[in-house]
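Here is the structure we will look at.
Order of writing sets the chain letters: A, B, C and D. Residues in each chain are counted from 1.
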Amino acid sequence: MTTDIGQWLGHLIGQVEGVQHRGRHARRQRLDVAPDALPALLELLQGKGSFVHLSAISCVDWPEDGQFELVYHVWSYELKTLVSAHIRIPREPGRYLSVYDIYKPAAFFERDIHEMYGVFFEGSPSMEKFILTEWDGPPPMRKEFDSENWVNDHFDWQDYHPDWLNDIESRGGGIAIRPDEQRFSRKAKHES
Amino acid sequence: MRAENYQSRAQPPSHEYELNFGPNHPGIEGNYALKVRLHGDTVIDAKADGGYLHRGFEKLMEQRLWIQNIALVPRICVPDPAPMELAYSMAVETLCGLEVPARAQWLRVLQMELSRVAAHLFTFGGHAATTGMYSTMFWGVADRDLILDLFEELTGGRVYHIYNLPGGVRRDVPDGFLDRVSATLDYLESRLADYDNLFFTNQVFITRARGIGPMSQQQALELGVTGPNLRATGLAFDVRRDDPYLVYDQIEFDIPTETAGDAWARTLVRRAELKESIRILRQVVARLPGIPGPIRAPIPNPLAWNVPAGEYYSRVESSKGELAWYVVSTGGAKPWRTHIRGPSAMHAVQVLETLVQGCRLEDVAQIMFSLDACPPEVDR
Amino acid sequence: MSDIDYKAKGSILNPLRTLSFFARKPVTMPLAPRVAAERYRGFHLNDWDKCVGCSTCQKVCDNAAITMVRVPGLPNDPVKGVRDMRPAIDYGRCCWCALCVDLCPTGSITLSREYVHTCTDDQLSSYFILPDPKGIHGQFLGQGWRKEADNDLVDHARQAMGEMTPAARIGNFAEMVNGYDRQQAILEASRCVQCGMCHDACPTHMHAPEYIRAIWQDDVEEAVRQIYRTNPFAHTCGRVCTHKCEDACSIGHTGEPIAIRWLKRYAMDSLAPERVAAIVAEQGKAAPSGRRVAIVGAGPAGLTAAFDLAMAGHRVIVYEALAQAGGMTRYGIPDYRLPQAMLDRDVAVITGLGVEIRYGVRIGTDVSMAELRRDHDAVLLAIGLQYGRSTRIPGSEHADVYRAVDLLREVSAGNPLDVPKQVLVIGGGNVAMDIARSLARLQKIRYGEVGVTVTALQALGEFPADREEIVEAGEEDIVILPSRGPQNVAIEDGKVIGLRTAAVVSLRDAEGRFAPTYDLDDVQFHPGSWVIEAIGQLSDAEAVLGSEVSEQVEWRRGRLATDANGRTSAPWLWTAGDVANGPDVVHAVADGHRVAADMHRFLNTLAEVMA
Amino acid sequence: MSEHEGTSSGVERLRATKTLKEILDVATSFEATARDFYTALVPKVGKNLRWLVEDLAKEEAGHYTLFSGLAARPDLERLLQAEVATPASDRRFSDAVLQPDLGERPDDQAILQYALAREHTAMEQYRALAENTEPGPFKELFEYLANEETKHKNELERLYYETVHSGGV
């Protein structure tokens, strides 16, 4: 790759208003853009920048900001660079435009994000459920949904009574610390 | 999946009917299936239906310490679990600024390519079985077991290696291991002629596979196809070459392509890739003894490991195509968000739905296996 | 690009070549189970002799597969860091990742080389296993996955503590240990596996796992909050604690224990005194109870009790014979170990709660115990062991034979000492090291060189002093002569000229009790102008109480008889600290809490009666 | 402490041999003195040290009772006339019959040091007597006493070190 990606990209995105650009390295470029400017940016990237491959759309929940972050990862087979375009949309009502017209694979990712986060994509070919056909709870990937609590509320721990435990209990010992009291990943809080 | 979910998608005219193709693991409730609408034995529409084979990995990962997720991610794809560990580790390493020692990188290549060989053997078998050639499947599974023996020795696990940690790998090769790798590679190479006779140059298979599920390069690019399926349309794209990681830039290998873009071409690409992987593995065997340790960068106590805030999109070339993890950290002890871009999720849904349009019912399974789609990865 | 051309090679006959396989010898595998690879991750094995029940495995387990089970009859000793608990594994949840093996602090857990365990529905309990060295099926087939250097995830190495070089520190009393900076502290704190052995071993059960975690999270205020739950002598303990916690630390089994003491110091030093005071105030002081408590002695035990009782709303007056608070922490511990300014901070938090300290009042002399009793609802005697024992060997009554505690008090008070060029110290404890090192500094300042010889009954490995004290004393050119018993102080022309010692043959009797015997054929002479005895201490409790009170209360083998809460047979009198349970700061703090809680209970009943 | 130079009672006892009777008399008064000494000390020491002094008094009273009982037994009268060589420790032993002066309010260390010296003397005396006595009931008696005093002395020694060398401070 001899082209200076950053410079080239800077020139390209200069045509879209309000885009911020940061590069981690030559093959990972990050763009932050206003939601309404994203479709134009993607069209530009695809049409003029050879970014024909939509690798993925990722959704990140930021409940404290009241926002969802949508990240569009697009790859250019010619420039050999991955551009991740970030937008933030309000968590409520959680609606955005489909980019299916630009990238067909968007249909899969948008349907997935709709199912898991409840973000509705206008113009997406299908917003039907895909995996959670029997689920009528909240979109489970939202931060407020605590899946482990849900599991604990709906399932029982296996109640084992092996001989060795009966023996130890008869001698005055027995279960001292249950796993759910100590599970470390559960204790470690998020610092953000 | 419960009975009430097997409702037909529309009220079809009487000469059309709908068939639930799958779930393909009959013992597991709620697996991936394909709802196929047929007119006679011609497919006129198909919808992929995700299941619960493995559930909620991404959610689980947000609740686990960074290092604990290493034990989780290989389970996303049984046939080719190794790249899952690798891509996740690479993302964490980038966020932490960890320098992975050279020997660890070579050991990772060893693991990746062994996994690719095992996965391709599995796929040949599966593909052959969809055309009724079960001997190839038996062979494929049996020969894959030899790789699993090697994994057992190297990593302690036959399928779920849990061999990578962010920073490197957990163990070095045991004594004499590289000799046993060489012996297995010799054996597999010698077997290739057998496979050719039984399968690849079997006129019955050629006739069954040619022209089935064809895809143009243009179509493949539009649908986001990657990996061998994309290379079977003539585009020599491979993450190992074009978005390089580990030490693939120090290794000689070719990127095989075909142009027909059909089921036959896809399988031929995999056959050629098997040979390329063996070529890569021979280079690893030759060079690894000269690469000094350590095999892991120093990492913090797993119970007190905050990964600096940031995000990274790490990509690797799995046997099935482009595999990526988008990992977001807020500086905490657990990931804030992990998103997997699995190749099968693309191939088994939109691509499969498209390619089976107009094909005959008996070819649906073959098209699915020729795309090498992995249901757990769709359900993830 | 393909290397086979199906047009050229494709044939319906090709698969028929495979028929040749019929002529090959079939591959036959024995039905017997094969042993898995040498690092296979099979079922858990646990070496019960190595396992200390720390439950680190349980904490790192992804799947909540590990339950800690108390097994009666196993060793259970908090001070040694051993619990009678062992992990049990639920194979309905285990995922065989082996992180429990890699992070096990003792290396007791390994995995077996077995592939399979299965059972029928009615045997489901066989999925819940208490691993022992034989494993799930009672057949040991060799260890599979185990901890080796490559996969060991325990962080063994402690963050190095910067300190002054011997040359830099010997000529002054400046604090010699630098303390951790923020980065070091976070790294050191990150090594902790949160097993809580330290909490169990600590006399006052400090919430060390919690404050270590808070330090790792860079939340120093939270760390201080956790520290003050149990210890108002935090600056002091952060410097001079005997850190039983570190002896019990599970990381210490295969590595260096977490530097818990230094982390506490870091947390305390990182926060301005006003912030510490504000955090303490968060706990909320109870409404005034109208009760008055007298505490005799402003050492760690007395002031800890004062802290608790003041928080509980009682009016607390502390009577201190000397000019400043701290007791032995001020008048026994030299400045290079504990700067008095740091002790002042601890004391200021306590007086900030309204505790009044009356200095220069000696109970039994200036004010009688009877008066104290008359003016207060309860009295706590926390006077410590302020008097040095003498060997009473011939010559020890000479004026130039000193007790170490007396000299240390002079040094701490800043009084000038006419230290000679060569001194001799008798004793192998921390007090002996403290006086030896203090006098060495004075000699260095005055003469430019050190002339201190320490003789002790014990062999070097058995010195009661902390290891680092002995090492550092050696670095400061102090001569240490172990296994020497003092015989007499040599006096010539009315002046001390040295000390004679005999070799110690044995230190303990058959029952392991302290009873030295000497080889009188091996006598050495050590020249010196002062002899300092640092062999033991005693209290003047009897004098403080006065004969009247002294006769009233019960004694038990020379000490005031108390119940488990430090209460004497006199219902209004409690005792705590070194005078009751010696001899270090953290024990005194623990004692202070225990006694204060009991006094508070008593004062509450008084209130009820009055109401 | 146990150095009491210049007591006049020593000279007449400087003989090569003595009868068992004479020796037993001295031993009896040795134990009686100790008993009386410790008993008299009880009210003088603080209550905190009284347990120590009381323990010592009780021990000595036991020995006194034993000796008085022996002297009163008619069946042993003939044996008591036997002459035995005077042990080297005899003078110190006899001296210890006299009450020491430990001052008005002796501390625990002083009391223990006195008791230790006494026990040491008694131990040496009885051991020497046991060696000098023909086999028979008195040899056994002296052996028994020597062992008793040795045990007692060891016990006191341990107590001394535990009290005085109060550990790692």
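By our rule, a contact is a pair of C-beta atoms (placed from the backbone, for glycine too) under 8 Å apart; a residue touches a chain by one contact, two chains touch by 3 or more.
Quantities reported herein were computed from a predicted structural model and do not represent experimental measurements.
Compared on C-beta pairs in contact, C-D and A-B come out with A-B as the pair having more.
For the pair chain C and chain D, the distance between C-alpha centroids works out to 46 Å.
Rounded to whole angstrom, the centroid-to-centroid distance between chain A and chain B, based on C-alpha atoms, equals 21 Å. Chain centres here are Cα means. That of chain A falls 92 Å from that of chain D. Separating the centre of chain B from that of chain D, both taken as means of CA atoms, is a distance of 95 Å. Among the residues of chain A, those touching two or more other chains are numbered 184-185, 191. Residue positions of chain B with contacts to 2 or more other chains are 64-65, 68, 303, 306.
For chain C, residues that reach two or more other chains under the stated contact definition are 59-60, 62, 194, 217.
Under the contact rule defined at the top, the touching pairs of chains are A-B, A-C, B-C, C-D. Taken in their complex, chain B has these residues touching chain C: 64-65, 67-68, 70-72, 135, 149, 152-153, 155-157, 160, 162, 170-172, 174, 194, 196-204, 206, 254, 256-258, 264, 268-269, 271-272, 275, 295-296, 299-306.
The touching residues of chain D, when paired with chain C in their complex, are 1, 46-52, 108-110, 113, 154, 157-158, 161-169.
Against chain D, the residues of chain C that register as touching in their complex are 385, 389-392, 428-431, 457, 463-465, 509, 513-516, 535-538, 541-542, 547, 550-551, 553, 555-560, 578, 582-584.
Those residues of chain C that touch chain A in the shared complex are 55, 58-62, 64-73, 84-85, 88, 90, 92-93, 124-130, 194, 217. Taken in their complex, chain B has these residues touching chain A: 1-2, 5, 48-52, 56, 58-60, 63-65, 68, 94, 221-224, 226, 235, 237, 242-243, 303, 306, 309, 311-313, 315, 322, 324, 326, 328, 330-334, 336-337, 339, 341, 345-346, 349-350, 379.
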